[in-house]
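Below, each structure is written out as structure tokens.
First chain A sits with chain B, and in the next complex the same chain sits with chain C.
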Partner chain A sequence: MKRKLAIGITFVVGLYYLLEFVLPASVGGGFDCRRMGSPCLVEADDGTRLYYTGVRALEGSTDTRLAVGLAESRDGATWAKAGGNPMLGRSLFSSKDWRGPDSPAVVREPDGSYTMFYVGHGPDDVDRVMRATSGDGLRWRGRRVVFSLIKETAEAGGEVKRAAIRALAVRRTDTGYIAYFASTYRRGERTIEGVSRATSPDGLAWTLDKANNPVLAIEPENGWEYSTITDLSVIDNGDGLSLYYVGTRRLYMRGSDKPIDTSLVGLATSSDGITWHRNESNPIFGPAIWRVLRSLHDDPGVRQALERFRAIDSSVAWPRRIGLALAAWSGLSQELLDGTALENAASRLSDQEKSKPLLERFDALSLSGLSVQRAGDGSVMAYCGATSAEGQDHRLGIATSSDGVVWRTASDTPALERGEEPQNTYLTSSLTTTMQVFLVVGAMALGLGLFGLVRLHGSRIMKGEKDSVYSMAFFIALLVTLVFAFGWGQREPKVLEPGHKLYNIIFYGMMESFGASTMGLLTFYLASASYRSFKLKNAEAGLMMVAAILVMLGQVPLGQLLTAWLPEQMQVQNVALWISYTIMVPTMRAIQIGAAVGGLVLAMRLWLSMDKRRL
Partner chain B sequence: MQHADWVLIILIVLLFYWIVSNIRKARLGKPLYVRRIPGIDAIDDAIGRATEMGRPAFYTIGEAGVQAMELYASLGILSYVADRTARMGVRLITTTDRAETYPMIEETIREAYRSAERLDEFRDEDVRFLSRDHTVYAMLTAAMIEDEDAASAFFLGLFWFTSLLMTEPGARRGVIQIAGDTGPSQIPFFIASCDYVIIGEELFAASAYVSGDPTIKGSLVAQDRLKSLLLAIALVGVVLLTLNAVLTLTAGVSIVEGNPFLELFMRYR
Partner chain C sequence: MDSRQHDMNTLTGWQRFGERLQSLDRRIIYGVLVVVTVAAFALKPLPVTHVGPEARAAFEAIDSCPPDKVIIFDSSWAMWTQAENRAQFLALVEHMFRRDIKFVVTSVGLAPFGPKMAQEELDRLAEEHGKKYGVDYVNLGFKGAGGSAVVSAPLGFLLDGFARDIHATFPADLNGTPVGELPLMQRVKTIRDAHLVVSIAYEPALEWISFVHAQFGTPLVFACMSIVVPNYAIYFESGQLAGILGGTRGAAEYERLLDLKEPGEGTELMTPQSFVHVLMIVFIIMGNIGYLSTLGRRR
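Up next is the complex of A and B:
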């Protein structure tokens, strides 16, 4: 009966884990159910098209999937998602955009067809710019890599995974394509951080503008574009080019492991696309709370009130001043500031700004992607905003401007909502609970083990056996440790109570010191074991000895000195590297792959109770 | 939690098929080829030596906890070793560094003694919990091999940096030692100080190998087939990668770009 119960429990638990692994965590739902990002506005024959990245992250899973979706509008104000979304998803086969296409940059060709450039994130965590083409902008084909920063970074001795391409904007010109991309990569001794530029005559062969990159480097002294540039859009403003970019400052709040990205929009202009000048009004746009604070800051009444506050002088940066203004506005510092002036300032905010509680707006605290397009006499901007500072629920909104500098939101509701939430299969979401059950079972096993020890040593003492003094030592050690660890020694780490001091003496003073001294013994054991191994007992031992001597010599200057006269590839340090990386690494991998397969088969044997001796 | 994609699902289904088909073959009495593992063949010799010398045999599972597959592989071999020592009348001393594995080890040995009809010779004190501390456990293990004057010692399970501390004293005393670990980091130390070494997946195969049960041996054949498949994939990947690199450098042509099946292959290479 006990055996049947054990077999049954083992099978059910094993089946649960297998199904959890094989089945998805959720089914159905929209491709953009988690987040929308990286919009790209494109003029179409019958209105405006908006391509964007939809993010679907399975609940409880690290598997985040990206896809490019499409929304359409005839008037630029009302938007509807196109049927057949997503337009470009994760390929079953392609290895370079394994997580799906990201940051689409779609251009119209002279013949009316569409070319999409996008960033592909591979399983190797390397970003690559890829290209796909379409006759109608709906069905895409021929995806392939067109350029990456791998070669640049590798040649500079940098880690290829650190060669990040965060956003992409592509312009179609008479002579070909110009790509502007937000990136971080190494070139020589420099880290290129900001907006870089590449050109191509056909969209396939690209040339990085090495002489001028980055054409717009981040300016940490600005504060708001301190960390990175996360999205960008380039338009023709009539006199030249306008570059709108999202500058991000990553903040780590005290007491929280989660970073918060504070993002604001900046503007730079250029006549040649190479030399860019930042607009004096930067930052020009941001999330809803920033827009309200900016309005407050610009209000004369608030300025007057702030000046009365002695701590605020001209040397204090305006973000800090508006932070204090916010504190005053919310009643935190009424006694220090003239509350009436602030109330008046708040009342002068537009009706639109007051129509909905600030923190409930879809773009209240976070802003990520953007795309700008000329429309009639002004410009229109599609941007992604989120209600939370962590920015996990971005939706798409629209803003308009007459001069390209001062922007107003078209509505305080999003122009496009995220897709439907998927249906939970409950297997993955119940995993944490299941793990807790196993923790309890593990604790029970621990208790069982302790019970076994107490029973064994207790029986020895009761019987008065020869070595029962050691059993008594066990009980004394157990009691002492229990009292000092659970009792009055561990309550407050910074206050060394007597019990805590004894606890430290036992563990750090005695146990660790003894442990360290035994590790010294290991050195001598290594020497004697090596000596025995290097005896020329047979051909294998001889081969090992030769390899070991070469590797050892390769580590010391003497070896390099002895073989300096040989061709470079035959010098001992290079031979040692060859042995280590060409012979040893594949062998270790082979052992690990074999062990993984063996472990899988053993797990199946246990699950199916084929190996009944263990039950 | 990572979920399987369709390639992994195909591999799992293939493994299931191979296991079931080989079990069926075994049950029909068809011969199955199972490769020999010298380290496992030497287990009987080591126990025989302890019998001849009238000295105990020693066994440790290393530092494998209840969540380590190495524990279950080692328990299968321990069951075999305990059965042999019980029948030969050799005292078997076993140690563990974890309280939670103590009852599992004790019950495995007790069951082996029971099946050998020598339960009265099983001694509780021959299964010992030593210490959770790495170095203390290793030093006590080595000391026990010396104090109890063991003739043979088995180090089969999961081991960390203290492996040589456990095995070197026995090697100096001429104890016949058989060791096995699934990870590559401690294998060199075992090779330097032990007579036989069970490397990597051989540890998982060992319990099936010693069981003699044709059903379990069927799973061993499936394990070898999956390993052969992965080896073939690795070899083809190496050839393709090399060819692709040569063609890209010399002719500027990639045989992978645009070929969906080769792209897929490169993803899992």
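Up next is the complex of A and C:
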């Protein structure tokens, strides 16, 4: 009966532990349930299409998945998600976008087909621009890498993983494609942050414009675009090109360990796509709180609030507008937003701005991606806004402009809502509890082991066996160590200090020294053992001996000096390196995989109680 | 006359010489080893002319630490591993102090004495470089994993918690000061605030790879004993380790990259190690000459 109970408990606990790893953390829900980002507006035959990045993740989970979704609109105001979303998810067979496609830039080809360029995030943390094609813009195929910053960064002596491509905008021209991308990479000693440019005749072979990149570097003195550029959109404005970009400043606020990205939209224009001029009105657009505060910035009450904010953190000379927005985020929000001065000034707000409480608007505190498109006499912008300062719940909204500089939001509500939240299976989230159970079981096993030792040595002493003196030594060592480790050995209070000194003697003076002596002795045994065992008994033994001698010599300067006269590839350190990485590494890998499979089989046998010796 | 003496009498002179070469008294081997090792310390350190890819990669990974990040320094070495780990530790700290890289010393796992061993060296090096505790570096002390029967799961569990919330895992530093009161720790809350993790131990825990690197992408550098380098080379080749310092050799190569004015501890230790390696090769050759000379008789 006891045995059956043990088998049953082992099986149930093992099964639960296995399921915690194997089954997903969540089921159901939308591909864009966490947030939406990087919109891309494209003119289609029957209206306008909006491609965007959907992010799916459980609250608190690190398992984040990206996918590209599609929404459609006939009038530019009412949007609906297309059936069959997501249009492009992560591929199990493509390691380059293993985390999923991000920041889609879709262009319409002259024959009516679609080409999508997107940023692929691989498990190696390197960003690459990839391409997929589609006849109808719904079913995509042929994903492949078209360019990255790996080569350029490596040539400049930079770390490839730190060469980030954050966002992408691609224009189709008569002669091919021009890509503008927000990136960070290294050139010599400098880190380049800004918008760079690349061209391609066919969308496959790309040439980075190394002579002019970055075509638009960030201007930290602007304040609001101090840290980086996170998204961009390029359109033809009739006289040239307009570049809309999201400038970001990363902040760490008092009392919070989470960074806050404060993002505002800037505009630059260019006649040739290489030399860009920032608009004097920059920043031209931002989250709802920024829009409201900007409209009130001449109000004396608001000015006073700003001065108070500056007094709190006088070391940072924030530009006034972003300072006002920051005042709202840094704990002055209620005072600033609810104060009498603001109430008086709020009467000057437009009806639209007053229609909904500010902090309840979907884009209240944060703004991320954008895409701009010409529409009739004006322009339309799709952007992502979030209610939280940390920007974890972005949804898509629409704004319009007649001149491309002054923008008005179409609605206080988002044009597109996020997908449904997935159902938590509570398996992954209960892993911590399971681990704690194992910890308790481990502690119990330790106690059982101690109990066994005490019983064994106790019976030896009681029986007065020949070697019972060693058993007495065991009890003395056990008691002394326990007393000085748990009680008397503590540093505080002062009365226990002598005990603490003895504790140090036991651990540092004895245990560590005995360990060091054992290691020293091993060296002598090793020398003696190698002398006796490395014998040319057969070809395999000879091969092993020669390899061992070469590796031993290759490890030390003397060996390297002895073969310094040989060609470089023949020098012993390079031969040792070749042996290590061509022979040893694959062999070790095979052994470790074999051992892991063996361990798995053993674990399965234990779990299914097939190995009955342990029970 | 015993049987061994009888056997020796039936051998030719050459075979007898070979038999003696094969059966050297171990005390002779130990004695020669001691003499060569001690004598080699008296020599001028041999120059380290070659730097392997593992040490170079480790150097570059640490050197590229941006100013707003720190390095987590898992100091899990002890007195019995200090022959190799100490030189590595000194070289790494020299690099970080010289480059003004901030770092957080911890020992997450199985080496209770690691942080204390580290602190003794840090006190001296910090004074040399004019660095201040709490601002340029901190020492959070040791946090143990569970019982040995189930070490793997609790260690991974502990590292997972450490990566997500360093302050919760280490509420106070080695001296008992609350971590929130240390200026450096005010901007180091999770593993995402770290540029890289360096783990110095006899055998750094593979859980750093599976629980930290795999989840958070934090690059890892392992500094280990020479004997366990083959266990980690596969992870270096696959890119899961950003670099390895293998034993004293790794320390010596790192010192060469640092271009120290005086030979460092790693470089100094490489000279006796060189001669001991050559001595062991000589012993192996002697044993084989003896073996081959008596081969005909054995057949």
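Annotations
In this section, the second predicted complex is superposed on the first by the 366 of 615 C-alpha atoms of A that agree within 3 Å, B and C clash if a C-alpha of one lies under 4 Å from a C-alpha of the other, contacts with A are read in each partner's own complex, and residues count from 1 in each chain.
Going forward, a contact is a pair of C-beta atoms (placed from the backbone, for glycine too) under 8 Å apart; a residue touches a chain by one contact, two chains touch by 3 or more.
Predicted, not measured: the structure shown is a model, and the values here were computed from it.
In the superposition on chain A, no contact is made by A:T78 with either chain B or chain C.
Using the contact criterion defined above for the overlaid structures, shared-chain residue A:V22 touches chain B, although it does not reach chain C. By the touch criterion defined above, A:L446 lies against chain B and chain C together after alignment on the C-alpha atoms of chain A.
In the superposition on chain A, contact is made by A:T518 with both chain B and chain C. Of the two partner chains placed by the overlay, only chain C lies in contact with A:L577; chain B stays clear of it.
Once the two complexes are overlaid on the shared chain, A:K535 sits against chain C while remaining clear of chain B.
Legend: residue contacts after superposition of the two complexes on their common chain; A:Q560 is shown touching chain C, with no touch to chain B. Within the superposed three-chain model, A:M545 lies in touch with chain C and out of touch with chain B [touch as defined at top]. Residue contacts after overlaying the shared chain place A:S113 against neither chain B nor chain C. Once both structures are placed on chain A, chain A residues 62, 442, 445-446, 515, 518-519, 528, 530, 532, 588, 592 are touched by chain B and, in the other complex, by chain C. Residues of chain A touching chain C in their complex: 62, 124-125, 158-159, 161-162, 252, 257, 432, 435-436, 438-439, 441-443, 445-446, 507-508, 512-513, 515-516, 518-519, 523-524, 527-528, 530-532, 534-537, 545, 549, 552-553, 555-561, 564, 571, 573, 577, 580-581, 584-585, 588-589, 592. Contact residues on chain C toward chain A in their complex (touch as defined above): 24, 26, 29-30, 33, 46-50, 52-53, 60-61, 64, 78-83, 112-113, 116, 146-151, 153-154, 156-157, 187, 189-190, 215-217, 219, 226, 230-231, 233-234, 237, 239, 249, 252, 270-271, 273-281, 283-284, 286-288, 291-292. Against chain A, the residues of chain B that register as touching in their complex are 1-4, 6, 9, 12, 15-16, 19, 23, 66, 69, 72-73, 75-76, 79, 98-103, 106, 108, 111, 124-125, 129, 133-136, 138-139, 161-162, 164-165, 168, 171-172, 182-184, 187, 189, 191-193, 199-205, 207-208, 211, 213, 215-216, 219-220, 222-223, 226-227, 230, 234, 257-258, 260-261, 263-264, 266-267.
The residues of chain A lying in touch with chain B in their complex are 18, 20-25, 58, 60-63, 91-96, 98, 123, 142, 144-145, 428, 431, 442, 445-446, 448-450, 452-453, 456, 460, 511, 514-515, 518-519, 521-522, 525-526, 528-530, 532-533, 587-588, 590-606, 610-611, 613-614.
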